[in-house]
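Below are structures written as structure tokens.
Below are two complexes that have chain A in common, paired first with chain B and then with chain C.
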Partner chain A sequence: MLSRTADNLYWLSRYVERAEYLARILDATQRLSSLPLAYVGTSNEWESAVLTAGCATAFFKIYDEANEENVTDFLAFSTANSSSIRSCFEMARSNARAVRTALTMEMWDQINGTWLELQRYGNGPTSREELSRFLRWVQESSLRFDGSAYRTMLRNDAYWFSRLGVYIERADNTARILDVKYHLLLPDNERVGGPLDYFQWAAILRSVSALTAYHWVYRDSLKPWLVADLLILKEELPRSLASCYEAIVRNLDSISGAYGRQGPAQRQARAIRTRLQNSRMDGIFQRGLHEFISEFITETNGLGGAITEQFLV
Partner chain B sequence: MRIRISHATTYRYDTPPNAVTQLLRLTPRNHDGQYVVEWRIDLSQDCQLHQHEDAFGNITHSFTADGPFDSLAISVSGEVDTQDMSGFVRGAVERFPPALFLRETDLTFPDAAIVEFAEATRAEAGAGASTLSVMHQLMANVNGELAFDVRPTQTVTTAAEAFKLKRGVCQDLTHIFIAAARHLGVPARYIGGHFYRADGVTAQDAGHAWAEAYIDDYGWIGFDPTNGICPIDAHVRIAAGLDFLGASPVRGTRYGGQGETLIVAVNVAQTGQQSQSQSQG
Partner chain C sequence: MSAIFDEMKGRDGAVRAPYDELSRWLTEVPPDVLDYRRREAELLFRRIGITFAVYGEADSTERLIPFDVIPRIISGTEWRLLEKGLTQRVKALNMFIKDIYGAREILRAGIVPDDLVFRNPAFRPEMSGQSVPHDIYVHIAGIDIVRVDADTFYVLEDNARTPSGVSYMLENREIMMRLFPELFSRHRIAPVENYPDELLATLKSVAPHTAGGEPNVALLTPGVFNSAYYEHSFLADKLGVELVEGRDLLVKNEIVYMRTTQGLKRVDVIYRRLDDDFIDPLTFRPDSILGVPGLMSAYQAGNVTLANAVGTGIADDKAVYSYMPAIVKFYLDEEPILKNVPTWRCREEEHLAYVLDHLPELVVKEVHGSGGYGMLIGPTASKIAIEQFRAKLKTAPKNFIAQPTLALSTCPTCVEAGVAPRHVDLRPFVLSGSDRTRIVPGGLTRVALKEGSLVVNSSQGGGTKDTWVLDG
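Now for the complex of A and B:
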């Protein structure tokens, strides 16, 4: 397989996954911001949405204030933001078009259909309701694309590269979602464990579809260290860091098995997975959750670089 | 190096036991120098195998098999991908501060002869020698002092007894190394695992054992006194403990039954790349 083809497949999946992630952040933020102000006091959730998406610098170059209108526009529809939902779908589609023959009919139909339908939304919805519908549509499009890849692709290097893109992006996204709670500082008059705190944790869990899973696993009220345990160390949860790395290592193993050669990407991925397997939550909290996550995000970026270096250029 | 390991432990009973309960430390964990590609445990009797983690972070499996049965076989097989880390142990599970591994045990009690041996080793390394070079000297001396001999010692032979005999297996050499290192104030622990032999002999009678010593500024470093080398990519690390008993592969008890015989067969081989094994297929 040409490196260029592998590169397109990898980024196609990454962009689709990223679009879904942005929709999840906006959805969670919308939920948080619709809590009555009298109940939760003042809060800064729109700013934290921009921080979570990792594009605060670019945002504040264009806008002075992070409010619902600006943030929604920037993260969902802006053409100035290279990782808005619109840009992600556009880049996913152009990557898909470049490797049209490596995709199945279903995958192409799905990604092309998504792109065509995106035009229908124009420059953004006019009401909160329409925005909710849009966000739901984005998540469903990603699910359909993921499902069509899973169900129709031949299990060869093309499939493994596309999966690799999904899981690298997902690992990065879950880590960022968890980090949002660090940015989303509680106002002074709010206490830890109070109503705002509760809704913030619930929103985080909901944004990775893990609220029900949390109650199944722990049968307990929402506690920060248990939420972190679930999203970092539990391999059973499909969006957890541990689970993403299990999949990354598996797909890299498949690639190296087929090519008969190992490389730095595989070694790095295994090292990170080993660290996740050997860590325990009390150790992570002792060193600082934010520090752990920042380090993890840097390492995942490093792994992305190693994969690019080894296979995609 | 890709190493394929199979490890079969078979018990035969003249009089069948009513039940057998065992604790297995047969499953390796990942660290920077090794990655477990796949691993499985099979038992010849129907029972539930529970996975736990012991205090040192070793993966353990426990089971109770209800008898009566004439034989019980525990077979473990898997593949591990290893890298030569020049003896450094990084990224392994650490549940205790290193100072815990200064604790003496019955099997690693340093008697007068071992104390003298340890002091002589320190003197031989020279005044002002670093801890690291003292440990290297110790490994070389244990390796030179004792002859490898499977006959005289058993699993319960202490370091002092083996040192008196001047012969023993990897377990005894490791115990002596640990006893001497701890006497010199260096935390040391017992590592049970497997060793791929460079001479191509893949069938072995038992697993391998070596020691790790904690050296300030470096962390844990492996020392294999049997081979006189620091662990390389031929070593697969399975369990760590204060001595053999803490890292032993199989421990257990049996209710009823008599005349137990034990056969252990270990096979450690290097696997080729996938394409090669297919063409040989």
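Now for the complex of A and C:
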């Protein structure tokens, strides 16, 4: 297939995945910010949301203060933010339009429908109620798009590249949450913060839709190191780093199987997955959780670059 | 008797045979059902994303072409005549273009004046003495036809460059079948859905001799900002070929390749929807970023087929058009089956004098114009507009031709007040391969939605209809 087509499919999936992630962050932040300070401490949740979305620099160029109104506008509706939900859907739709021949009718229908619906929200909701409806709609749109891709695409390189986009984006997003919130997940923290952090941990899990999953996996109340274990090493959790890398390697293998050759992208992905498979949480804590996460983010960026280099240009 | 021929009711109000069932149906169907279906169709078009861009309108980058749910009907007998005429005309067009870039017999015979060819902006000197694979230049032609009475069809325009609109022909039919299954069950209608297959067969048949066993076909688009982008992606999808932009292609050792996820892959046939001017910055406009540097060198080396060929735009010229009857006779030694609209060439003194005397009753067109722009429709124009045009005519008479204002036929059409007659034209698509000519029955019917209007162009408020060719 054309490199440009593969590139468009890859980014199309990334944008949709990113929009969903932003909606989850906003959702989780909204919940935190409506709890009494005694429950969540005095940290500014809205600032932390901007950090988790990875666009703090751009945000503070425009705004002085991170509050609900500014952050919601910036992450959800701003056209000045190239990674806002609106921008993500708009770029997803323009990518989709550029590769319509590589999409199934159902996928096009979903992304085009989402884009048309987006116009109806105008410059943003006027009430909290409308905002939560909007955030729910964003998540549903992403699910529908993902489902239509999963259920209707031919299992060939087009499908694999679009899946790669999903998992690279997802791995990056999960790692970013960990990067911003790592201090809450250190084992010592249980003693220091105590129950104060309970809702923070819940918010982290919520932003990767893993709150229920946690209870099923550990059958235990929330413990920070188990939250870290779930998000980093548990392959059962679809948004964990390990699970994302399992999928990245699988899709890259499908591509190299079909093309009859391996390349740097395959080798890099496999190396990262092997490391995840061979790691245990106590080891990671000993070497430093923060260092581990930073390194992971750098390597995932590197892998994104290698995929682009090898296939997409 | 009315001056205007209605395709359903003729001139005298008696329903014509091909419209028997439809007219009965129209009396049965409650008006709100038609309106409801019309809105349903619009919703479908928007969901599918069948939109087009209008140049010069910044605010509305994507618009729908209005779709009229009442089909236009042509009888089998009428169609067979059109089909013969179209085949003949496009055959002559191909021979004409081959001739002017080759032996130039028609110029030497004095049938067509030299300067009309050589001083024509669409003439490409680069193509002189250059052969093209299988001697075919106009692989896809869109011939615009109008009707003035039961037996008289005129060719209004030849589009030999990159005619568009075929996606509407195909989608209109699909949507009609979804919305009006009962109406279909009352007719036998020639299918159009095989057009993409016919197009692919045509394109493969003209692959260069140096191509491998299974020629690789690609569709070259200027990109998403082009007004016909939807059609490009639609066709590429139906054809099962890659939709490429200039940046996806490169030329190495006079061979065209596309950049794929598995490295470079050779391209043999390019169905290009990009004008000559833009295809190769090394040969034509150096500022074009849409084209492929070196494409012309590969073309000239015979390693790639461009459909349509470079330089076919000359046949779109309205002054050249006026010579078509003579062109048909010259190459085929046959009488033209399809008539031309009588045309005054303002480049000729006598004609110009006549035109200047009769401006209020004529339609005056720019010879290189298209899309309904830059023309004067005498009977509806204001005095000031006529005088302004008179001045333009006098300064550059060569740029214009004039034709009588035709009483275009009308078809029943849904309008605000119910069903009313509106003027229509027809663009059938003629495919010329190395093996044979292919035409799917019908074509794109365009309808001028404004009462009395003769301008059917989508850029100026025209709509489209599904076109039915019946059995009998």
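Please note the rule applied: the second predicted complex is superposed on the first by the 293 of 313 C-alpha atoms of A that agree within 3 Å, B and C clash if a C-alpha of one lies under 4 Å from a C-alpha of the other, contacts with A are read in each partner's own complex, and residues count from 1 in each chain.
One rule holds for everything that comes next: contacts are C-beta pairs under 8 Å (C-beta built on N, C-alpha and C of every residue); 3 or more make two chains touch, one makes a residue touch a chain.
Note that this is a predicted model, so its numbers are computed, not measured.
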Superposition on chain A - do chain B and chain C clash or fit: fit
Contacts of A:Ala271 with chain B and chain C, given as first, second, both or neither: first
Chain B versus chain C as contact partner of A:Gly257, first or second or both or neither: first
Touched partner set for A:Asp157, first chain B, second chain C, both or neither: second
In the superposition, chain B vs chain C on chain A residues touched: C
Computed vertex angle (chain A) for partners chain B and chain C, CA, steps of 10°: 110
Partner chain in contact with A:Ala56 - chain B first, chain C second, else both or neither: neither
First, second, both or neither for A:Ala306, with chain B first and chain C second: neither
Contacts of A:Val217 with chain B and chain C, given as first, second, both or neither: neither
Partner chain(s) touched by A:Ile297 [first = chain B, second = chain C, both, neither]: neither
After fitting on chain A: smallest Cα gap, chain B-chain C, Å: 14
Chain C-contacting residues of chain A that also contact chain B: none
Contact footprint of chain C on chain A as seen in their complex: 1-6, 94, 97-101, 108-109, 112-113, 116, 157, 161, 255, 259, 311-313
Parts of chain B lying in touch with chain A, wherever the complex brings them together: 29-32, 35, 37, 57, 81, 83, 91-93, 273-275
Of all residues in chain A, those that touch chain B in their complex: 253, 257-258, 260-262, 267, 270-271, 273-275, 277-278
Touching residues (chain side chain C, partner chain A) in the complex: 46-49, 223-224, 229, 233-234, 236-237, 242-245, 247-248, 258-262
